[in-house]
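In the two assemblies presented below, chain A is common to both, partnered first by chain B and then by chain C.
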Partner chain A sequence: MIATPKRSRIPRGLFPVGILLAVMLPLLLMPLAAIFVFAARSGLPGFVAALSSPDAQFALRFSLLIAFLTAFINGILGTYTAYVLSKYRFPGRDALNVVVNLPVAIPTVVVGTSLLLLWGPIGILGQFLVPLGVSPMFMPAGVLLAHLFVTFPYMLGSVKPVLDELEVTYEEAAYTIGANQLQAFRFVVLPALRGGLFSGALLTFAHSLGEFGATVLVSGNLSFRTQTAPLYIFAQFEAGNIEAANAVAAVLAMLSFVLFFALMQFNKSSARA
Partner chain B sequence: MSIILTDLTKRFGEHLVVNRVSLDVRDGELFVLLGGSGSGKSTILRMIAGLSTPDAGKIELNGRDVTYLPPQVRGTGFVFQNYSIFRHMTVLQNVEFGLRIRKVKTKERARRAEELLDLVGLGGLGARFASQLSGGQQQRVALARALAYQPAVLLLDEPFGALDVKIRSQLRASLKEIQRQLKVTTILVTHDQEEAFELADRIGVMDAGHLIEVGTSETLYHQPDSEFTATFIGGGNVLVGRREHETIRLGSTTLPLPRAGHLADDGAPVRVLFRPETTLLQAERFAPDAGLHVLGQGVVVERIFAGALQRIVLEVEGLRGVRAVSPRVSYGQKATRVEVIQTAQREPNASFAPGAKLWIGLRDFHVLAPSGLKVLLCASDDEGGRIAAEMGSRLAQATHGPATLLTVVSRPELVAPARTRLEAMRRDLMPRVANLELRVRVGTSATEILLEAQEGHYEVIALGQVPDRNGYRGLGSTARQVLEQAEIPVLLTRSPEGKFENILICTRGGEPGKTDVVFGGRVARRANAQATVLYVQTPQTTDDEQKRAARHLLQAEASLSQQGVQCKLKILDGSIVESILQQAKTDNSDLIIIGAQAPRGRPRLRWQNLANQILGSTDCPVLVVPMNE
Partner chain C sequence: MHLRERISQINWFVFTSRAALGLIVGALVFYAVEPWLPWNNTARPRTVIVYGFSILGEVMTKGIFPAFQQEWQTRSGEHIEFIVSFAGSGTITNQIVLGVPAQVGILSTELDAKRLVQQNVLRADAWKTLPHNGTLNYTPFVILTRKNNPKQIHDFSDLTRDGIGIVHADPRTSGGALWGILAEYGSAKQLGASDAEAEKQLAGIWHNVVAQASSARGARTQFENGFGDALITYEQEAVYDLKRGKLNDEIIYPRSTIESEHTVVIVDRNIAPADRELVNAFVAFLWSDTAQKIFAEYGFRSVDAKWNTDFVPIEKPFRVSDMGGWDQAKREIVDALWKNKITAASPQ
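Take a look at the complex of A and B:
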């Protein structure tokens, strides 16, 4: 008699799932929920009032502006860097490859410190530039510099793999057809990069929106001048204005969710194509 | 001429991928570059398109020197093996791309693109994307895209390599058709012979960066010049015989020497090619009036059924000792093997069964172009080795022959560093001798040099000589041993510099003296040199010997002029060594050739002493030719 192989039972798994939930609840889910619970406690009018205070308005707008600028500038810089790193062979290429990815590993507070030590009044460049009136620290430009630094690897990381995959024959085909290097990039390389560019830009934008460690040092946390939304939340908390802090936090969280789902949706659709 | 390449050369690092390639492709021609992977064929194509810059040489397209122009302005259409269709563009946009770049009006370029899509058999598929097309269709798009802006030349880099067999043959037919219709000059690169035969107006065969030979499919198949072509294209038997007057000796059989084509020098090796399908097998002797050249009797070793044909391998006893280039000699094989193809019969033909004894007749055979002198350069790790490599490579260069750099080491662990040293040497010598191989052997110098000379079928051994610590200018111990036992001529030299314009051939009267005259003639003819044949009378020379010598000199003159060598005769009285040295001085000789007798009873020592004395008093290189009595 031939023994029919036993069908492997799918384990019910109630227990391990239970443990997972027990850990995740206080670790991830409850803190997220807390923001919205608190926001709802004072009711919609309180929430709207907290958001429409001029300094909260400024912080949110400033954050969005900086995030847009960061995504735009790093979109160009990161793509260019990825193109050079993936298409050209030159001495020190491997070293450069490491350096441009370094910002992921460096603590953001360290980034803030090092920017101060470069541009600040006693900094390496700053001691010459500040007397000339060039002083990006504690200015919006300083915030932008910090954000560019911190988010640099994200654009690179999503564009470079696509470029590495793209065979050189596509560009070469364009050259033999008569396209110059710029045209080949514009008509052949760039369209192939669309996906990478989009997801890179989203990632950069999201990270810039939430940046705190470097910003708090280089901005000086001056409301109506350099205060981004995360800094506003921090400042309000310290001053005891929990509601004001919480309203902006809820908006930031919502924005992040939207960006995150957009990214997931996009990745899913580009994986299908 | 649409495409003219002159001495095109490309290096990747240390590696010479394209080595002085010159080629003319005619207007409207479909030229195929055929070669194995890494033979440099694709690199040539990329250089023509401007995707790669040559290190030396010139590229002309339609009379314009484009060597250093960027690809955009060369007007070439390039089709890649991986199609490289732009994925985010439709088929139509892909085809239009060249016209869009050239700012052709929208209407006009759409019309032209449609036209081309019809031409390549993709009418109506213009709105699709690459992902919606099969590989064959994508390659058709690539072809249409490359043709859209009416390029001066079309370059196809293994265009069918990624396709399956059936699609491939359809595409080949379309390509040929389109190419004929548009009359666009085309170079196609492939490793597939069948493809080359089917498509090409002419084929260029490539190997290791060299363009070996150019010709039509038929010429390359039936009358190739080179051994590489003969064995690379189609299956073939290539045996090396020797020219004996008006015949070719192959073991115990002879073939008539064809009058047309290149003639090997008398006594020089002759490579004979016969194709398996022009060879007949029969149990009885062939009738003398059958018009066949009988190769001899062979025993069937193997029979392989291959559909319409059957392949039969025979061992031929009568060819014992004949060097076979193809089919490759297998380990432990005693007799020479010959491959024959017969049409397969329905009934397994018992007479072709293994073990059967059959007569082999050639309906046709072809003699390959004679190669230059094959020189073995004994490049030991000292000044002498350097001199040998320098001078020997000059000899190989002058005679257009291949050469091998050999060094002998005492222990196996020294092989790797020795090889590195030889590679550096090869780089320096590469411009002189294109076909330069490396060999490192382990053992004692003289023994290994002699073994290598025998195994590799060399024609000359080059040995460098330097004075020893005491300033003694005689022969070294290795040179002595090599001279004593070598079966082939040995070039002994003190100086790395030299040319081969005046050659002094020192001969003895009578039969044995012929060997060095004939060999000297070969060197002189290939190097385009003038020869002086010298005979020295000593007081001991008898009248008979004098008469014989006079006859011998006249014969020498006749046979040298037969070889196309300008020569003069000279008879001197006195001491042999002094006369030779004196004549070498008056003639300004670049090379002295002397004969050495076979070692029976060791009379050769006298000649070795002669070489010794001559080398001791002149810097002119000496070539010692062994004579068989």
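Take a look at the complex of A and C:
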């Protein structure tokens, strides 16, 4: 045996990769594959039929709509929050910083419960508002409220670190040549944030698309009205219509895969450009 | 020169990948928004919002709703739509209390209707003014076992044996599970056992429960996915599959079992005056010959005996009224025995 000379510091070897695959296979890859294997078993016609049922179509479209709205609204709210928290000093800033990140730590079911106890007919505000005809719960607006709550920290988490790193001097330079605050934000801060905004919006979108715990409580789970795709999957699976559930599950899995593939490509290309 | 070429190549790559991404996102946005665009908004039909307990899914969506839509269309020329949700009876009762827009609720037990009275959703005994005191149909509780009954289960008493795994719905959210508890206790009493012996049977069965689902249908799905040796559930679940040739299990009829009665409630606070006639017409339709025949075809026993010719006779059937009514049964059996004694004591 001749010892090969080491050329690089990066260790080569299939053994660690093998272990990684052996761990990942049952943990991540096989469960995901099961969805597609199961979908393939009923054949393409069965898959298409399951997907094209009106309630499945509604659930998918409604989920996408809510996810787009959530990403858009939280994109703006999250960026604004990040900007204020990063650029301004005020009493209670640290406490507020913790509060806006809370939704990550709170179980989503608790979010649903708390929204019901606020806006629902027996809720703190709801008992006064519902008689006036204002009741977002069990309506599309309630689903949106839940998703805004649950996904709030993702935009913030993507944007704030960039803002914290961003040198104040650039902004100050803008002011010295006569830019107002809005212009400084538009032409100096915003371009630097692009990557963070994009990945934040995508994370928000993806989490909204998959949200279940809060939605199941505040939506009332009505088909053709408030039933999102994850609720549809759960209801159909529990009712024993595994094919119907699985077809939508396969679409959601595929969609998430495409989105994250796009995110990685974007990050790569913006790093290169 | 060389460098400039590379830069333009990279830009081209960035451009196409971003254009592709833009196209994908644009298509997704259009797909999501399309049903809500103005040109799709022409004349939304009127709707009836129905919340039903879990096993009603097929009979309502495939049988009852289309039949009523047709009848209403011929009667008034108007096309109407149903908006529905099916879950455990306890779950939908909680949802109605919390304010979901249900106009009609079909509950698996009168107990849930009484809960709606306690929460000021319904007037006391409001459903008693409906035909048959609000009882839509009924179905006896049976045991499902694996094909050819490998564990030799023939009655509730066999379910207390060691080594038998039972799948049961969760009595906290499922009306079917409450009926199950009454069947497990009451059948022993009907066959002449003492209170202590009946309690022992109930405790023995619950000692063997290996999985609980939030609804009867959820429990059935767990059983079909291979959990456990026996499932205690509505006869309708099994009979419907048997008729379609899709039953993979064995139906075991206990010598004595309870017949569950399912209660219809109208939730007045969710009905606009203009829709009242429509909702009332739908509820009245539920007891029509057309509807009752459909229920029987889907395996529910009709309140009208003339549709019940296809069903297996039960040796000693009983109803909750034979146990003193729901109030007493809930207090003495579900709460005092199952909740406070049996599940509190089981080592989990």
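As a convention for this text, the second predicted complex is superposed on the first by the 245 of 273 C-alpha atoms of A that agree within 3 Å, B and C clash if a C-alpha of one lies under 4 Å from a C-alpha of the other, contacts with A are read in each partner's own complex, and residues count from 1 in each chain.
Keep this in mind: a contact is a pair of C-beta atoms (placed from the backbone, for glycine too) under 8 Å apart; a residue touches a chain by one contact, two chains touch by 3 or more.
Predicted, not measured: the structure shown is a model, and the values here were computed from it.
**Q** Putting chain B and chain C onto chain A via the overlay, clash or fit?
**A** fit
**Q** For the three-chain arrangement built by superposition, which of chain B and chain C touches the greater number of chain A residues?
**A** After superposition, C is the partner touching more of chain A.
**Q** When the two structures are overlaid on chain A, which partner does A:240 contact: first (chain B), second (chain C), both, or neither?
**A** Second partner only, chain C.
**Q** May I ask you to decide whether A:138 touches chain B, chain C, both, or neither, giving the answer as first, second, both or neither?
**A** It touches chain C, and chain B stays clear.
**Q** Using the superposition on chain A described above, determine whether A:89 touches chain B (first), chain C (second), both, or neither.
**A** A:89 sits against neither chain B nor chain C.
**Q** Report for A:180: first if it touches chain B alone, second if chain C alone, otherwise both or neither.
**A** First partner only.
**Q** In the superposed arrangement, which partner chain does A:258 touch: chain B (first), chain C (second), both, or neither?
**A** In the superposition, A:258 touches chain C alone.
**Q** I'd like to know which partner A:61 touches here: chain B for first, chain C for second, both or neither.
**A** Touch status of A:61: second partner only.
**Q** Please give the least Cα distance, whole angstrom, that chain B and chain C reach in the superposed model.
**A** Superposition on chain A places chain B and chain C at a least C-alpha distance of 12 Å.
**Q** Which chain A residues qualify as touching chain C in the complex?
**A** Per the touch definition, chain A meets chain C at residues 58, 61-62, 64-65, 67-68, 116, 120-122, 126, 130, 135, 137-138, 220-225, 227, 235, 237-240, 258, 262, 265-266, 269-270, 272-273.
**Q** Over in the complex, which chain B residues touch chain A? Could you list them?
**A** Chain B residues touching chain A: 49-51, 70-74, 76-78, 80, 82, 84, 86-89, 97-98, 101-102, 142, 145-146, 149, 155.
**Q** Spell out the residues on chain A that touch chain B in their complex, using ranges where they run on.
**A** Those residues of chain A that touch chain B are 167, 169-170, 172-180, 183, 187-188, 191-192, 194.
**Q** Applying the document's contact rule, which stretches of chain C touch chain A when the two form their complex?
**A** 10-11, 13-14, 17-18, 21, 24, 28-29, 31-36, 49, 54, 57, 81, 83-87, 95, 97-101, 213-215, 217-218, 220-221, 224
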